[in-house]
Amino acid sequence: MLNIMGDMSIERKMSWVKLISIGIIVIVLLFAPAYLSRYYLYLATLILVTILFATSLNLPLGYGGLLVLHQATFYGVGAYSFAILLKETGTPVLPAAAVALLSALILALFIGWICVRLRGLYFGFLTLAMGQLVWAIVYRWYDFTGGDDGIHAIPVPDMIRSEIGAYYVILAVVIVSLLLIYRVVKSPFGLTLQAVRDNPQRCESVGINIRNHRLIAFVMGGGFAGIAGVLFVILERSVAPPIMFWTHSVEILIMVLLGGMFTFLGPAFGAVALTLLATFFGIFTEYWLLFLGSIKIIMLLFLPQGVLGFVEEKITSKIRNKTV
Amino acid sequence: MKKNRFAISLFLVMMLLLTALVLGGCEDPEPAEPPPDDPEEAVFERNIKVGIVDTYTGPPTVYTYDALDAFELALKEINEEGIHGVEMEFVTRDEEFAPDQALSWARELVTREEVDVLCGFMSSASALAVSEYVREEQVPMITWAAQSEQITGEAGHSYVFSVVPNTRISGRAAANFLAELPYTRYALVGSDFEFGHAIITRFWDTFQELRPDAEVVLETYWPVGEADFTPYISSIRGADPEVVVAAPGGADQIPLTKAIGDAELTDEMEVYLHIGTDHAALSALGDEAPEGMYGSSSYHYYYPETEENLAFAEMFYEEYERYPNFVGYNGYITAHLIAEAFREAGSLDGEAFAEALSGLTIDSPVGPITMREYDNQLIHPFFIGKTAEHPDKPYLISTDITMLDGEKIMPPVEEIMEVRGE
Amino acid sequence: MEFFANLPEFSTVISQIFVGLSRSMILFMVAVGLTVSIGVLRVINFANGTFYMLGAFTAWSVALWVGGTAGFWVALLIAPLVVGLLGLAVEAGLLRRLYNRPRLMQLLLTYAVVLLFNDVTKLIWGVDFKSMRAPLSGYITFFDGLLYMPSYNMLLLISGPLVAAGLWYFINHTMTGKIVRATATDREMVDALGLNSNKIFAIVFMLSCYLAGLGGALIAPTTNIVVGMGMTILINAVLVVVVGGLGNIWGAFLASLIFGVGESLGLLIAPRFAIVFPFAIATILLILKPTGIMKSVW
Amino acid sequence: MLEVKDIHTYYGLSHILFGVTLEVRKGEIVCVLGRNGAGKTTIMRSIMSFTPPSQGKVYFNGKDITRLPVFKIAKMGLAFVPDNRRIFPDLTVEENLDIAAHAGRGRGRSNWNKEKIYELFPPLRELDCRQGGFCSGGEQQMLAVARALMGNPDYLLLDEPLEGLAPLVVRELVVQIERLRKEGLSILITEQNVRAALKLANRVYVIDRGEVRFQGTVKELEENEEISRKYLLV
Amino acid sequence: MLRVEKLEKSFDGFMAVNGVELSLDKERVVAVIGPNGAGKTTLFNLITGHLSPTRGKVWFKNQDITGLAPHRICHKGLSRSFQLINIFPQLTVYENVQVALLSQQKKVLKMLTPSKAMLEEETYSILEKVGLADYAGIQCTYLSYGDQKILEMAIALGNKPEMLMLDEPTAGMSPEETISTLRLIRDLAEKEKLFILFTEHNMNVVFDIAEKIMVMQQGRTIAQGLPAEVRADKQVQAAYLGEES
């Protein structure tokens, strides 16, 4: 048992697997437009956006231990700000995206500042209530947000308008964002964030301001969700209130959980799997919610750590058995 | 241990991507179409495929399934005859009343299923979202339930068609009808979403021109899906109007009608309910619906009592053991419009189809109907009547029906040009 | 369309308050079911709204089967029981396996149950609009017309406090109620005394579903019975439970009243923003009293 | 007779008990001594199957009770008083006793009732209507024992009953436990307070790091200085 | 160094700590003893800011730290360990200590540099000091009970404190572990010039290494002074020692 980390050969093997996997994924992703038909390219792009969205939730949820029940608020606010700026004011894309990000961050800061006083479920429910408040305002404020009709025909520049253009732009932004999140997770901030999640009391007594830490994680999660919202607009060129309704947040939560919330790529895996599942069930049967619901129940019952968490546990326990 | 985590994750994501890739790669592209020749003699080389994107989850399903069933019924008729030697088929997708889902499915249908026409659309937001997409893809779409006036108005273009009277038409129809009555004090109420607001606004704009002496004594809206209408009935009573004009959306119809009946509001004032006399609501309410309430619908299976109309209603009844509501009827005529337009176009090309459909006139159960050329909005009669009991039926029906001429209640083309800024 | 409607008359305000109170009662029945299951099982049951919907559907079927005004009363007896038993099946079949897992898991499991049941309901009952006859019709007047409301709302108004009182008696004065309270704070010790806490959990979950079903059966005559009708009330009920203090029955009662009356009065003042009210009320109350207006069991 | 045979118990991944074997015969008081973290509480939890052992067996009156549901074990006549008392804080003292009596109705020969309990623990009589959560530590300990007795058990498992009590209260409680044995109860006690425990016990087990290091009578333990020094730090 | 003045804390009318006075200046190793429930842990929590006192003051390095948040007190150089094991279960042993060091160096908000190699030397030096260096890469829940208690102390040392407060550092340890832990505590006081305040159950331990002892019972100080004085105190013998040994 004491030898778990000592076995260098396993580590070296793993780093090779890692390198090769990264290489293959990069190639697969870079040349996707070459072999994917139009619909699947679109689906891939949509999945990329969802991956970023799910990962943005995992930052406060999985790493910070914050029960964020309404992440779609920030996604929606990012999307709406971007859409309104492009459509109503004709702002160029980059400044508009920057403003959208900023508005998601500010909203997250505001909601977070109020919510981080609370713990656990109370925190979660306050985010839910405030998120629904934002949703209700968007839904009602017809002159500004288009109400329940939403905003359509958003003038996205031609370059990123084509499916391939949108794919590459979104791919680039998602990869950069994921790398950023990865770095944050592996940074001292990320490490202490996990410590705060595991044992907040102890963190206080080693001198960590846990409220600050939680707030920062929450705001960062909100910011990345806002970016995902902007990407969504680039892809769909239309927004409507359902994207920030609470059920959307729950869908994303399920992705994160089923993928494995203590792993970095778990949420991404969940996003890929559930989006594909929903699409295929939607194509094959009218009662797709029945199937999707059943699958979710089965997975929740039998894979409590999520798919990646499960696989990881299997493999690490095998390695441990070998080394002990 | 932590290192493995990353590698395994990467591996799994990769496997999924590869699966997607294989699935995606399996699609082989359809061969290109031959150029259209003379419509009369054209022979299509493959079946016509129609994609239906509609809501099959939640409250509006009472309409969407009717439309789907009627559409299928029409296909049977159409395929007996055939269209240039081929048949028409369809696929459906459930968009859950969410525009992003609708758009996603529309993309799937257009790029993966490669459908020739899209139709359906209960939700106006979905219709608007997809409308922008089909404009670029040059795939025609027809909405049979979404009533936003923007669809063929401000956001209209040559590929989007509507067979359902939109809010502008319905509002004008109500105004034209009520202007004949002697009342001046009005209460305007509706469901709190765009549809409710639009109906009320259009009604009042037109009505004011016709009757400058009228006044609004109350204007109020309730959240969509409201379970209990008592507070609204109380506030209507409190305002003491002569006429209540109500625009409830979808599922709000039932509880509102019921609350009106329960409060016996029709004894104290006139009540006009948008789509209030449609079969879907009245048949569900049985004898709980109030008698003597004005209501509108763009279709009644029992009126006009023409042979064609009764025949269609009976045919539908035989197949499904129920009578169609107005959206069901819209599904039926949509199928026939599509078939006729393809016959006319003689090509599977979207542009040719859209051109053929625009301005097309066909015979329907209620007489000839025409797709207006400028804005692709169907010219269709509109029915307003008063509820009354019927000796043979367990529910109320509309009586004393006034059939408003489609041409008259349609907003003039100039008005549409104005909102489109042309 | 001004922001503020004309100021209403006094009698309208009074009537509106009472109508708001009667609306609160339905909200209370769903919310109290939620809060009981949170208090004892520590499970947040998102499916509660779905059980409410099933209550309405079952009541509709039963009333149709029995027919007449008696139909409603029979439905009121049977429908909640059916829903309660269904709840028991969900507890024993699914939820029981997740008690030791993180709360988020249970929450999402109940959400998946919502998806499942919505489609099953569609399969069983079809998609037609459904409407059910109320046992009482017409309006009644009190105090020289100062208060004027539908008789059926009076029934609702009475049923809420009845349910609350019954629940209070059950919790405080029956042996099962005492055991339920004990289980809420220390499940292991209840087991160690030789009482089967699994059974207590099942009873409580069944009770909570029963209450949701009762709410559904009671609302059925006034509303359109459709798939998805549980979603709106669910989110309001969740907020009521949180604002009232997780697991506190009286908190849920009080919060329901605040929500119901607040919304009703809000309608009079700013009808255009009626939809914003519940969330605004919840947000403000939670900012002021983060752990709810009454003591939470957590 | 309660017999624990070679049990191994884990908390998650940590292995706590390594083959513990002990027995409690009818009518005797057996004491398990050991330091914090030695595994005393885990023995109790394994017997009651709160944390069922992954290897080994627990027999009660000859029946295998390993992995039975907790409530079934309790119903057979084993009562557990945990180290932190775990009174139901929202219930009054009376209600605490009521539900235990309800659970134990129609069981056993000893027939405890409230009157008999109040006789044994006079202070409880005055506290009748006070909520369990508002009682002092000593009162809670009495209540916890009383609650266990209301179920009419044959065997009593007391986990560190004397911990954190004032000396005077300890003395009182020792007397009361002694009385319980005379009533015919068999008792298993875990304790850190060696002095008090030795006053009570017939036989003693000393455990450390999840293993039994010594077993025998009180006298034998007192004579074995090495064990006392090494494991009990007296 | 540390001065506690008339500290009081009541929970719903129950006086957990009642007018405690304590000061550390010359003596580096001070012990607080008393039976369970005497208020030792509450006293610790009051000093480190986990609880705020009902009355009284706490001075550290001549600054008033009464009621400050725990993380602020920690940054002033007062660090503590806990009676029950209180570590970061999902992190490795290395990371457990690293977190404390990062916090002490105010680097916890660095977001873009990988944390892995940061402060490696310091972390290892602490791990070596307490003898856990061999287990650096292991997830800490796999450590034995005794080692987890040591890790507990190592985390506290990660804050580079001037004064260390240890709540029952040897509770539950085997005699060998207890002895080595005591040696470690003495070393820390002598070599690292740390002030150490600790609570303890085990009398031998206390009289062995403490330079000054405070005895608490039911929230009050009943004796304070050099070990010999305390041992001789009648009241202490009656209330505490008399029963225990």
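By letter and in written order, the chains are A, B, C, D and E; residue numbering begins at 1 in each of them.
Note that in this section contacts are C-beta pairs under 8 Å (C-beta built on N, C-alpha and C of every residue); 3 or more make two chains touch, one makes a residue touch a chain.
Just so it is clear, the structure is predicted and the values come from calculations on it, not from any experiment.
Novice: Indicate the lowest number of steps between chain A and chain B, counting one step per move to a touching chain.
Specialist: The fewest steps needed to get from chain A to chain B is 1.
Novice: Of all the other chains, whose mean CA position lies farthest from chain E?
Specialist: B
Novice: Quick one: which chain's Cα centre is the longest way from chain D's?
Specialist: It is B.
Novice: Per the definition at the top, count C-beta pairs in contact and tell me whether B-C or D-E has more.
Specialist: When the contacts at B-C and D-E are counted, B-C has more.
Novice: Just give me the whole-number Å value for how far the CA centre of chain C lies from that of chain E.
Specialist: One centre to the other, that is 50 Å.
Novice: For chain A and chain E, let me know how many angstrom lie between their CA-based centres, rounded off.
Specialist: 41
Novice: Between chain B and chain E, what distance separates the C-alpha centroids? Give it in angstrom.
Specialist: 73
Novice: Residues of chain E that touch two or more other chains: which are they?
Specialist: Residues 142.
Novice: Out of chain B, which residues touch more than one other chain, so two or more?
Specialist: 1, 57, 192
Novice: Touching at least two other chains at once: which residues of chain A meet that condition?
Specialist: Residues 4-5, 139-140, 289 of chain A touch two or more partner chains.
Novice: Hey, which residues of chain C end up touching chain B in the complex?
Specialist: These residues of chain C touch chain B: 1, 5, 8-9, 11-12, 15-16, 19-20, 22-23, 26, 118-119, 122, 127-131, 133-134, 137-139, 148-150, 152-153, 219, 222-224, 226-229, 232-233, 264, 267-268, 271-272, 274-275.
Novice: Quick one: in the complex, what on chain A touches chain B?
Specialist: Residue positions touching the partner: 4-5, 10-11, 14-15, 17-18, 21-22, 24-25, 28-29, 32, 35-44, 46, 139-140, 142, 147-150, 152-153, 232, 236-240, 242-243, 263-266, 268-269, 272-273, 276, 279, 282-283, 286, 288-289, 307-308, 311-312, 315-316, 319.
Novice: Can you tell me which positions in chain D touch chain E when the two form their complex?
Specialist: Chain D residues touching chain E: 12-14, 35-38, 134, 136-137, 163-167, 170, 195, 208-209, 229-230, 233-234.
Novice: Could you please specify the touching residues of chain C with respect to chain D in the complex?
Specialist: 175, 178-179, 181-182, 184-186, 188-198, 297
Novice: Please output the residues of chain C touching chain A within their complex, sorted ascending.
Specialist: 44, 46, 94, 97-98, 101, 103-105, 108-109, 111-116, 118-120, 122-123, 231, 235, 238-239, 242, 246, 272-273, 275-276, 279-280, 282-283, 286-287, 290-291, 298
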